[in-house]
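Labels run A, B, C and D following the written order; every chain starts at residue 1.
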Amino acid sequence: MTQPTEYTPSELMIVNAARALKGKRVVFVGVGLPNIACNLARRSHSPEMELVYESGVFGAHPARLPLSIGDPTLVSDATAVTSIADLFMLYLQGGLIEVALLGGAQIDRYGNLNTTVVGDYAQPKTRLPGSGGACEIAINAREIFMIMRLNRRAFVEKLDFRTSPGHLDGGNARQKLGMPGLGPQVVITDRALFTFDNPEREMMLTEVATGETAESIQSHIAWPLRISPDLRQMTPPTPTELAIIRQELDPAGLYR
Amino acid sequence: MTQPTEYTPSELMIVNAARALKGKRVVFVGVGLPNIACNLARRSHSPEMELVYESGVFGAHPARLPLSIGDPTLVSDATAVTSIADLFMLYLQGGLIEVALLGGAQIDRYGNLNTTVVGDYAQPKTRLPGSGGACEIAINAREIFMIMRLNRRAFVEKLDFRTSPGHLDGGNARQKLGMPGLGPQVVITDRALFTFDNPEREMMLTEVATGETAESIQSHIAWPLRISPDLRQMTPPTPTELAIIRQELDPAGLYR
Amino acid sequence: MSQAVSRFVNDGDVVAIEGFTAFICFAAGHEIIRQKKQELTLVRMTPDLIYDQMVAAGVAKKMIFSYLGNPGVGSLYAIRRAVEKGIPRPLELEEYSHFGMVARYLAGASNLPFFPLRSYTGSDMLAANPLIQFVQSPYGDGEIAVVPPLKPDVAFLHAQRADAQGNTQLWGLLGMQKEVAFAAKKVVIVVEEVVEEAVIRRDPNRTLIPGLIVDAVVHEPFGAHPSYVQGYYDRDNAFYLDWGEQSKTAESTDAWLQEWVYGVPDRAAYLQKLGQERLASLNPGEMWSGEVNYGRYA
Amino acid sequence: MSQAVSRFVNDGDVVAIEGFTAFICFAAGHEIIRQKKQELTLVRMTPDLIYDQMVAAGVAKKMIFSYLGNPGVGSLYAIRRAVEKGIPRPLELEEYSHFGMVARYLAGASNLPFFPLRSYTGSDMLAANPLIQFVQSPYGDGEIAVVPPLKPDVAFLHAQRADAQGNTQLWGLLGMQKEVAFAAKKVVIVVEEVVEEAVIRRDPNRTLIPGLIVDAVVHEPFGAHPSYVQGYYDRDNAFYLDWGEQSKTAESTDAWLQEWVYGVPDRAAYLQKLGQERLASLNPGEMWSGEVNYGRYA
């Protein structure tokens, strides 16, 4: 019996996201890594987890790996399919979403996200997709989990554009603005895990992957990194986790 | 061949309402007299008329005479059935309703209606049904046609409670408040017809039924009545109109 | 139903039993009467016979509504007795128009501080209900009426069918069932049929209420009698007409409650008393929707 | 379609071709390109390939949107060229979040001066778009973002089926088709099948768009290719992937437009060029909804 011991950065992120989702019941999810992470959580520790797609699908039972959040395979055999207005008004703003998974081109130390432009807004160097639903998801979902590759272009001192609010300038800034959700809780990357579990709500290194150190992680981050007093080594993906991903969730290896 | 020459007060109101609806395309309608009037209009001069029911039904094809606006026979074989929210937001407030038919316990000279209480609001002598949809219908429908029996308890100097705005205090009071609809256009009764076709938007006698005079009508109205300079005699219901009502629309004579 | 009422309805709660002419869950109302709940605030756009009976039984201190009538028949005498004469106890009224009630449910369902609507200008309803307010449009086009959110403590909503998880499908007059379900803190779904999840999943667009927000599913056939359920039974119009007479005095109303509510232990007994023949007379016949293809996409 | 575009689209119009991933009416977009319409403001939550092609063809001066991407693939290069480099002409952007766009459609559809939503607080989108404002709740619970109504001059909406009067039924991802239809001043419905009115009336709850607000019905099978129509065909994913390459330079984009838009007179010719085999490969198989009984109530 061969046990996989090697894993890709994507697999590491999927496994860590799935673990972070343990015990969550209603998750707002996009396709790609977040979709695979949710399904890994369902097949391992959280079979009761319900997925809500931004496209208006609740209780999807796709007959194939969906290629986008609008894939028709998500509709056929789903429990409920609703208009986008109902999705945003009743499900998201109504407060039903426990966790949403977000990512972006840039993130700052308070978990604010940029998905709009690199450079100046009026004269952008690179025009990115924009908010989509991210801005209101970041405000209304009870908790936000981020999934992003760790690198210095993404983990910046100052965002070029703040598309979706995280903890804003830190502390209780969100509550002061009356935001319903609690904001970013965890940042899952291919090299480390961060939480915001401190009064300033500042991104804090809590786990490093095999082969990484606080110093190596700092080298990918533009600001002086806050480090948890009990920094831990990440438990690598288990053979079981990897087997579910490779054999059941992404047999074609699209997201490897 | 026997030709009906006698008719009931209800039949007179139905016929006059149907005639007033000539050329109107989208009518918001309740059951009872308004329903029969609309269907008479459809079977005589306005086959293209579309009926919208407050219950959310568009394009009803009832297999029997409906007993209420919520009768299931209105749903089966209808063109569209929608939620109450959509009905009020998209159809009514969206500006699709050309004419709505309203009635009430009291009406004043500016076509304001009371369907809420007789007596004091907090200690009512008689508690009436209240607004239902009438208040927003009176504000948003392009034109309002009233159907009411003429009598002194109903045509009052001052309403006990103004449930639904007509022309308020007259003149361009509606426009000043930004109301989308034009307000009351005609009052159809069992003895006379009134319009508001004057700068003050005050109820004005324009047609009297056979056997009535301006004086006899005034005796049923609490305020000094404005009379049209070209007051006309009402054309009585024709045999054809009465035949459609009696044989097709209300064969059981429920609304006679 | 007995369990659902005792578990989810507390004295003093704001309770909504909704449904526009159709889907009115009399089964829930009668059980609330039998369990002698007290000081309830009853919420419904059209109080109808169900709240006339509940008010007569004295379970309510207040009613939030928009149209007070016996549809197609006339007055609701028990509610009028409470309002006009305080019998059996005074009833506080909080009153809106239909659209205002829908807007309150919408605000509650979507966690908005208010919902705007073009109504109430020039109406005395403004003076009668200070919760109706106006806000200025920031786009320079005047002001508009708004109403605050309404979030009932518990809603009883009737439908044709649901699965065991509460994924609920209904057809016919959709009314405000979806909005109330999302607005309410607890939701009890009462259905004609409990079906397999697979039945629901064959037509996901027909699922108006997801199991996600449902706290209990009660299987109660004919639970909406004398109102109707599209495709399952017709409105029992004789009942509505009879109630117009029966409810005219407090005594005759109480007699009816004794016989038909207190005098029966549950809905099954009520239906048995009503008789098979009467129920059969409400059969609506068949008119099927046709099928659409969602595609397999495997 | 040629007639609908020439009749309902004027230079300078605000045009919406909507549909969330599904129902994207490429047939309308291509005909607008062929008719060389000018100075359009294009409205869509997710501009997708359709607006990438239209912007590349130079029909647009402005775009109102909320998410700019090739779903599941990557960038929309033609739009990025217009925004970043002004090729073939500069493109003004007016930008919202998804919910903000939906709220604008809702306000437009329901004749409201604004629609409130819990979004935008703490976002730089506020500075980038001064049309996003805040209003104070009159109930003492703070302020909330609002957006103004959006009423496109004309909307092209794809669906599975409609009758000749435009009574339109769709299933699958409902997106914002209903809200856009009610918001738009003119509505063109494009369908896979034109059916008898009787088919529509068998299932009135599935009618999302009433003929009342429809100005034209165009029968255009596969009119949404390469997007999909639930139950009729699948998304042509190869097309989306290919476009990621094809659109990388202005030259290759133009070449594609020459071949597939200007080079074909209409949709039928486009489909013929695409080939029967490719269309057949998009067959989604069958998964039927089951029927429900509405009852005859005679």
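Quick note on the criterion: a contact is a pair of C-beta atoms (placed from the backbone, for glycine too) under 8 Å apart; a residue touches a chain by one contact, two chains touch by 3 or more.
All values reported here derive from a predicted model rather than from experimental measurement.
Trainee: Going by average Cα coordinates, which chain is farthest removed from subunit D?
Mentor: Ranked by distance of C-alpha centres from subunit D, the top chain is B.
Trainee: Could you give the separation in Å between the centres of subunit A and subunit B, each centre being the mean of its C-alpha atoms?
Mentor: About 58 Å, centre to centre.
Trainee: How many angstrom lie between the CA centroids of subunit A and subunit C, rounded to a whole number?
Mentor: The mean C-alpha positions of subunit A and subunit C differ by 41 Å.
Trainee: Approximately how many whole Å separate the CA-defined centres of subunit A and subunit D?
Mentor: 28
Trainee: Would you give the residues of subunit A that are in contact with at least 2 other chains, written as numbers and ranges?
Mentor: Where subunit A meets two or more other chains at a single residue, that happens at 57, 71-72, 75-77, 81, 89, 93, 140, 180.
Trainee: Could you list the positions in subunit C whose residues touch two or more of the other chains?
Mentor: In subunit C, the residues touching two or more other chains are 106, 111-112, 117-118, 141-142, 172, 174, 178, 202, 205, 230, 234, 284, 287, 294-298.
Trainee: Can you tell me, using the touch rule above, whether these chains form a line, ring, star, complete graph or other shape?
Mentor: Contact pattern: none of line, ring, star or complete.
Trainee: Hey, which chains are touching each other here?
Mentor: Pairwise, the chains that meet the contact rule are A-C, A-D, B-C, B-D, C-D.
Trainee: Can you list the subunit A residues touching subunit C in their complex?
Mentor: 26, 50, 57-59, 61-64, 71-73, 75-81, 86, 89-90, 93-96, 140, 180
Trainee: Considering the complex alone, what residue numbers of subunit D touch subunit C?
Mentor: For subunit D paired with subunit C, touching residues are 111-118, 133-139, 141-142, 144, 146, 148, 160, 169, 171-172, 174, 199, 202-203, 205-206, 230-232, 234, 284-298.
Trainee: Show which residues of subunit C lie in contact with subunit A when the two form their complex.
Mentor: So the residues of subunit C touching subunit A come out as 106, 109-112, 167, 178, 182, 197, 200-202, 204-205, 207, 210-213, 294-298.
Trainee: Quick check on the complex: what are the subunit D residues that touch subunit A?
Mentor: These residues of subunit D touch subunit A: 20-22, 45-46, 65-69, 71-72, 79-80, 83-84, 95-100, 102, 105-106, 117-125, 128, 141-143, 172-176, 178-179, 228, 230, 234-235, 237, 284, 287.
Trainee: Under the touch definition given earlier, write down the residues of subunit A that touch subunit D in their complex.
Mentor: 31-32, 54-57, 67-72, 75-77, 81-85, 88-89, 92-93, 112, 116, 121, 124-136, 139-140, 161-165, 168, 173-174, 177-180
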